[in-house]
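Take a look at this one; I'll ask things after.
Letters A, B, C and D name the chains as they come in the text, with residue numbers starting at 1 for each one.
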């Protein structure tokens, strides 16, 4: 789960990391009054959960409270990569002398957290890694020991930070690491961490992604989820414990297992079709879950055919068959469907489908080919 | 004949009285797996599975009494790291964690510890290990694979079944199938399993099933090029997955440019691996 | 640093461990009003930093507030092992069904924390270890992982705790371990942990010893030190960073290094003398520290002779010589002294002492023999 | 000729610009120890000891540049665990921590980690290691021991000097003297050092200096009885120490009945160790 900049900043600030004075606002007039409180120049920043806000014009300076209001009006009316801006963060503007990058994330290879620092802050770290990898320094953190002071100092020395700022930098690095572990984050990032005109280190931007699997122990973080940032079908899917990602094609698919779901999409494509979505119903899904999943697939008006690919292990084929029929009773649709069921309770599942005159397939290839034909026929109608 | 598990495997089931643990313990026993004990804290002293299998409160108690040498874990995600550590501390050399949704930081800590203490972990979030005709540890359906000489290793669950099923339909047998799990932090990697298959006299060739995200397939390709004499075939899922979208589980995030299926396939091909276009075609590319 | 029972209970309670309702009182009337607040039967417990309070009559039941006042009057007038009782803890009396022992301490051998549990609570754990070692269960805790739930459950199962209390017991064990680590304790102990008539687990007694070396990061614990429980010379010694323990003999000694100080005491004894104290001035002590140390030694009126044994390494012999002379100027005394100085800046030290006509010795044996003769002569005078 | 340190020891001094670090670095250099670098965070780039020794910000920087293979630590107690971990992480195989007053829990964590990562720690709260005539790492005065074949191992500081001095006056030479430190949690035990002396062809016999508290001497006695062929002499301080009183440092607590000097002496004697009545008598009991 991604957090908004203003939420991540609040968290970082609790761990002793200096952030600019500022507050989030939902309306332009609220933004104006925040700017009045702060006095001086402010930055108005769109709060959306995608990158590239700056380039899209979603981050702007304002010299006066009325200018802040004006800028906020514009930003609150815009979309960034298709996402409407619903909130802005109004921060006091800082005088920036240098921009640093500091982040911590999981390193799959080392199976440990890794902290990354660079003297080249303010641009995306992937970009730094590409153009000037020699300016990027990383330390692997032993998860049972946590970030040690000497490691933070090593980063400070590596990015050639001026020495009078080392102690402050070490404090920030330790704060960031603690925020990362105590929030069960998978990413905690300050970009840029700036040296201000008066020689302080301030986190001008903040990014944090929290491990969904650990939200059970972070009620306060779970509450931060911004449902407005999710499309309604994704939201609906989460409610049922389904993984759904909308795509641009016309063949809806429902599969158990993420790997098999991706493989199913690949096979559809291979036979000339375009998948309309990724949808993993997970292991052991019952009839109600299947019904909910079908409803979500059909809510996409692009869908011209639906492919079910269920390899029963924990999941029982008869349950899935019943779920499909249950859903079809509720959702009246003329979208054609093909079902491929194999594994646990396969015979019973096939019987149920046969009784309902559902189209079935014996293998994944066959099912995909059928789905592609069905979609093409419907297009040509 | 196999790696990791065989007829000598004496299995302990952690979470045996839970819904999933009980169901799959039953399946494993029916398959012929030698289940020797279960563990459910607070239920020590009970007997389950038609009164044949004793339940213990602690792993150490179970291991000492029954000589278990492998444990399979079906406990809820929030207790999984503790269960893994308990198994390691109880001296269990092979731990298979089926549980899905274990917090990443729990796993980083647990893995760091058990690695230093000599236990091998498979998973979490994995379907387990199946040596057809000998031992089924986990949830891989037993009826979709026949004994043989193809080693199978996979990051996926049901996609693995699809491949096993495709092999079985062509009467191609499997030495052992290892599901290493799709989580970002897991106990055993492709490399570990490839090395075991390379050393296993009863495995003639290997099928590797990868997916988008991470760089495991690329590292596997490097290992294959440098160290494997046995032929390897592969399928990588996610050619159509859009970059930067989460596809179901954490292992399936495309991480900024790398982690793409196309790159993985290219790496595998350049290591001499024959890559199938889709899972049904795996039997065509095995040697 | 040992904490009082009431202090340890407050800390344990912050970690979710149930303790009896109660409060500390410094006067009998205060004790009475605590008993009134609590209602019902109470236990009045002397708060002194030594064991054996119960046997000494320092723990008594009271059925009514006036009885509590009476009992408190008696307890506040008594001494336990020579220590005057200055405070009592007034707790509500619990109905005890079973008594358990639960403690965590450092295991030198395993170089790790060890948690110990026994079904035989209420008596000293050393006693349990002696008479029924089979009732004592221990688990070694990996310091980097902390106490895991399964380990606490192992202890619960081992002491045959009834199952409906396991979850509560695991919570208490984890609370105790966290209190131990977060307080930098070297011992945290609940004895007894009782099962009450209504089936709850309550910590009836609590003991905690904190690592003096870690007090720098625990201002709140450092403030808990009960200076009244220290004899004035010990207090004075701590102020100067000296280690001083008063003993019953008549030969005062001042040594640098704990091992050498003990060896010096041993040699005094070997030559027929009795050491009056242990005093380690530590490494690198300067003249002022030496002067303070001499003052402390001479404050003991039993002292008939003083032996200085300094093996200069970090400590400089000339500094020590100057310190002795400085102290002798302030404290006028006729107690005879012998000085043995070896090591760093030995010549200069010897010269200073010679100028002041101090008695010196070339070896530890010689110094000890001289000190014993000096003390004997003075006795016979 | 020695164990642990010798003429090939290339020493790094952590905390070299501090008061104690600087003083003892000077002493060590005067003794002939091959000091190659110092570390003081924030002072990298400076040169100390008459401009001969470079100072680095980090251990890894110092080790890579100078090939240091041993580090001696003089940092304040609250930074000691971090310094130990930094040295281990920097690949230093032998770490000698002089610092006194390190919190016990810091040490338990640091020790658990470095043990798993292959570095040896001597101390903390120890006087260091002296191989007379070759290398002095720590604070043991260099002028109180001459080269020879007696190995000395001790939990104490100045008491060790007393014993070395007594040996020197009788012209008895020392192979290496190791002060393992008096703290409850230390890196290297009597057993470790006894085993090294047993294996060292240039050590003919060993002097062990113990004190009250813990059971280290008892375990040493057991080891001597079972594994040592070379003669061992000993002195144990604290015969007159009252039970249950803290004598200066944590190593010197008598823990409930065990840990008494008398018990330790009895254990050593029954292992064939000749125990001296006082430190001056050590030369009488060596072989």
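The rule is short, and it goes like this: a contact is a pair of C-beta atoms (placed from the backbone, for glycine too) under 8 Å apart; a residue touches a chain by one contact, two chains touch by 3 or more.
Predicted model, so just to flag it, every value in this text is computed and none were measured.
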Farthest-lying chain, centroid of Cα atoms versus that of chain B: C
Of C-D and B-C, pair with higher C-beta contact tally: C-D
Where chain A and chain C are represented by their mean Cα positions, the distance between them in whole Å: 55
Whole-Å gap separating chain C and chain D, where each centre is the average of the chain's CA atoms: 27
Computed distance of Cα centres, chain D from chain B, in Å: 48
Overlap residues in chain C, where contacts from two or more other chains coincide: 142, 144-145
Numbers and ranges of chain D residues touching at least 2 other chains: 109, 113
Category of the chain touch graph - line, ring, star, complete, other: other
Contacting chain pairs - touch in the sense defined above: A-B, A-C, A-D, B-C, C-D
Contacting residues of chain A [partner chain D, same complex]: 142, 144-145, 148-151, 153-154, 157, 163, 166
Chain C partner contacts - residues on chain B that touch it in the complex: 41-42, 44, 57-61, 79, 82-83, 85-86, 89, 109, 113
For the chain A and chain B complex, residues of the former touching the latter: 106, 108-109, 111-113, 126, 142-144, 181, 184, 186, 211, 213-214, 216-217, 243, 245, 247, 255-263, 265-270, 275, 278, 280, 283-284, 311-314, 342-344, 363-365
Chain C-facing residues of chain D, complex: 20, 23-24, 77-78, 100-109, 111-113, 127, 139-141, 144, 154-162, 165, 182, 184-185, 209, 211-212, 214-216, 219, 235, 237-242, 245-252, 256-257, 261, 277-280
Chain C-facing residues of chain A, complex: 144-145
